[in-house]
Amino acid sequence: MKKLINDPANVVPDALRGIAAAHPELRVDHENRLIIRGDAPVRGKVGLVSGGGSGHEPLHGGFVGPGMLDAACAGEVFTSPVPDQMLAATKAVDGGAGVLHIVKNYTGDVMNFEMAAELAEAETGVQVVSVVTDDDVAVQDSLYTAGRRGVGVTVLVEKIAGAGADQGRSLSEVADLAKKVNDNGRSMGLALTSCTVPAAGKPTFDLPDDQMEIGIGIHGEPGRRRVPLAPASEVAEMLVSPILADLDFTGGDGVIAFVNSMGATPLIELYVMYNEIAAILAKAGVTVARSLVGPYITSLDMAGCSVTLLKVDDELLRLWDAPVNTAGLRWGA
Amino acid sequence: MKKLINDPANVVPDALRGIAAAHPELRVDHENRLIIRGDAPVRGKVGLVSGGGSGHEPLHGGFVGPGMLDAACAGEVFTSPVPDQMLAATKAVDGGAGVLHIVKNYTGDVMNFEMAAELAEAETGVQVVSVVTDDDVAVQDSLYTAGRRGVGVTVLVEKIAGAGADQGRSLSEVADLAKKVNDNGRSMGLALTSCTVPAAGKPTFDLPDDQMEIGIGIHGEPGRRRVPLAPASEVAEMLVSPILADLDFTGGDGVIAFVNSMGATPLIELYVMYNEIAAILAKAGVTVARSLVGPYITSLDMAGCSVTLLKVDDELLRLWDAPVNTAGLRWGA
Amino acid sequence: MNAAVLTAWLTEFARLVSSHRDLLTELDSAIGDADHGSNLDRGMTAVLATLEKESPPTPAAVLKRTGMTLVSTVGGASGPLYGTAFLRMATAAGDDDTLDGPGFAKALRAALDGVVARGKAVAGDKTMYDALAPAVDALDAALADGQPFDEAIDAALRAAEQGREATTPMVARKGRASYLGERSAGHQDPGATSVTFLIAAAAATLSG
Amino acid sequence: MNAAVLTAWLTEFARLVSSHRDLLTELDSAIGDADHGSNLDRGMTAVLATLEKESPPTPAAVLKRTGMTLVSTVGGASGPLYGTAFLRMATAAGDDDTLDGPGFAKALRAALDGVVARGKAVAGDKTMYDALAPAVDALDAALADGQPFDEAIDAALRAAEQGREATTPMVARKGRASYLGERSAGHQDPGATSVTFLIAAAAATLSG
């Protein structure tokens, strides 16, 4: 395992200390492993809390700041945070208008956030609403399973719900907005290499030199199938086709096209992919209104990428364009 | 070789098409492989042109936009662009106040930019001044050698000179500013893995699983020495000590501390490194005024990182904080 | 079984988890995210520290501190599941200073109910349920059959082991392994494996 | 030597570069950035296309188009260096329809001067200079000695080869290899290798 770390057991607290040192505008609660806006709680504003296992940086801590999250809970690498953390975060950001929990759909995350919401309402009376993201078309959905994973759309939910909260919308309105983004977003990812969990010390899965995994998540979970390496043009098809098959993205005000690095894939490759994806979308009659290209929701040192499409209307576009000022996403501010 | 590309020979034009598709605010000249501000030339403003081999993204094309570069020339992967490109870029951004060429100190880059400047003045009468960056303390400097490489400080030069040009400073003033940044900046890098040049198809150097290369550049050049893998705390020492030994960074208004990913090292590790670096600086009496943490000047898919320190005064800090609006660096705008 | 005996049980469980940490993570690598071993080990290490520091006086107090500590330190799916299981056990144990065999069996059934309430798993979903449920059923059946606790808990362990083995061919429908669809078949479930250690620890340390 | 003969020389050089492309890149991997083979191959492929399309009438015209094409397509260090070399050769060749042996030697010396003017290399810096300079010196010396061109250019090739071999133990002081300091010793210089192909192509195709 080649990583720039100290003791694998301390990766998360060490990184949190680095974040605190690099971003004086943020407040880091090392005891509870929280990253909080320096000016929290913002009076009268709905508070936005998210969180999850670490290893997906900049998600979520990098999205804390004006226009996006109020706090993020950092779990162990790839392990949902515990209810105590979410409870502390909820208390820290409650400005009197209630708190929205943005939860990626993983059994652990859902259960821990659920316990936290129960505790928050019981212990503090803070009103908590949870929105679960589940945009990964690689996972066959069904009533009897854990359902789809929450992946790329989570970034877009945090941005757009954050903008809605900034406008002074109510808790239920912000929750509806978050749900609307989730409902209109779909993602699909692929891995060229496995990631290595620091505590495990070796790659989560073996992937031969001439193969890639299609339909991976962001936790080094193996994907749905293994296929031979292919040129970017074919890879783009493998990612975009299932997305377009799952939801009609034509018409309206177009889409936000988000091409994401899994961590070890550099920007030059993402742009090669973006070119292919844009061509497929054009052919399918899908208009790209905005784009986002870069490492925003990663899986440690995994090479690969994911594509997220979000169908937007005028409202979502305006909220997307609204100022945001975080370490990981910043414009208009 | 596992990469999200099509034909290795077309990586640069393919990526440029992706950049054009993703960033409608930029103008991409595919023939000359240029990325140009959509509103270039800006009347009365000194034009800033940089460029170099591709594979360092977001450098340089990701730094084209208000507050930073006016144009970037994209060479083949790790190969300096040719004079024709720089000449075309110079013509495209000349707003009547002359053009600054920001050149990383590599024999090829320096010679090609030199020829371009000669051609520009001869063919068009545009006044061109070149500033060469050479901040890499891993390279022993001497009168008889090619000198130090230009690495991380180039990002800071482009930002700060860009802000100076925005203020309406003259060509010689902007050039002086760029030189001032270069003179006050020092960098040192390390690789955990080699990168793979697409056209070569295999890693540039072999690095055993338990070793790392200290003092690497950004082109997969082997470093100065190989050492056993070490914890982040020791790695930070190896990077920061030679920088501090080369220039006195204490006093004044502190430093901008820039911790950069070589491409495949994810943010979580950069923050672990930042924590160690901040501790070393604090112990050495060096005050951090600003920080920048992320992949800004990469080496394809190399895992590793570099540290750049820039000694700042009030003027440099104000220019650093000035608005910038590019794909790769954005704030206040 | 008093507080000390239950603490011995948990200590043995912690030892088994710790010594099989890599196995659990390995199983979780194949169909999950390679952290079940470190998750549970972190949690049980914290539990032992808490119990040592606080020496809770009653079985219920031991079980409650265990559940709360697991909830607060494990995270992931197994944190709330194991945590809820122990919290429900604590409630079922009541305020007495000791638990007898049937009391323990009742508490273990409450643990199972807690896992179901929290995780909504049913038989055949390829989760810890598939080892825990047969164990609880076997324990109840053996005790109802008049067998002594020592034999009943051994029967529970055999049932857990069989349930654990039975997870291998299953196609997961809950938890992270469900994302793999058909590809999850052919791998033993990590949670079913760890919960079998819990029963093995009981068989090794408890007697009615 | 007329335009056609010089074109044959460049065609042979392009062939050698293309067939040794991987070798050149391999050498550049060890002490550089793994692109010398693809750089020169890209450039010489463009040169052949240009010469085919334009059929420049005189030696000077052939050399000038070659230099300009290399400057415009190669980039890196070798683009300006090879480009300047050919542009200086063109100037030295004058306007005549043919070059004789001494004329070619004069042009090759101008090429060397161009490399020095552009790159400031001196002997022992571990660059293409270390193969080109001995070749130029040997060619001049042999012609001055009264040897026929065919023998003189063979002598130049042997000198280039010796010069190329001599780069191996050198510690680089110019170009990318200089960053390696002492570690650059023990590796043959890529540019000295490619420039030896240039002389080998001359020995194979030119006669005075």
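Think of it as A, B, C and D in the order they're written, each chain with its own count starting at 1.
Following the convention adopted for this analysis, a contact is a pair of C-beta atoms (placed from the backbone, for glycine too) under 8 Å apart; a residue touches a chain by one contact, two chains touch by 3 or more.
What you see is a predicted model, and the numbers here were worked out from it, not measured in a lab.
Among the remaining chains, not one touches chain C and also chain D.
Here the chain-to-chain distance from chain A to chain D, counted in touching steps, is 2. Using CA-based centroids throughout, the chain positioned farthest away from chain A is D.
Distance from the chain B centre to the chain D centre is 32 Å, each centre being the mean of its Cα atoms. A separation of 29 Å divides the Cα centre of chain A from that of chain B.
For the pair chain B and chain C, the distance between mean C-alpha positions equals 54 Å. With touch defined as above, chain C holds no residue shared between interfaces to two or more other chains.
Those residues of chain B in touch with two or more other chains do not exist in this structure. Viewed as a contact network, the protein chains form an open path, each link joining two chains that touch.
Contact between chains, per the stated criterion, is found for A-B, A-C, B-D. The part of chain B that touches chain D in the complex is made up of residues 53, 75-84, 106-108, 111-112, 114-115, 136, 138-140, 142, 144-146, 149, 197, 199-200, 204-205, 217, 219-222, 224-225. If you check the complex, the residues on chain A that touch chain B are 2-7, 11, 14-19, 21-23, 54-55, 57-58, 62, 192-193, 209, 212, 229, 231-233, 235, 259, 263-276, 278, 288, 291, 293, 295, 298, 300-301, 303-305, 325, 327, 330-333.
Within the complex, the chain D residues that touch chain B are 25, 29-35, 38-39, 42, 71-81, 118-119, 173-176, 178-181, 183.
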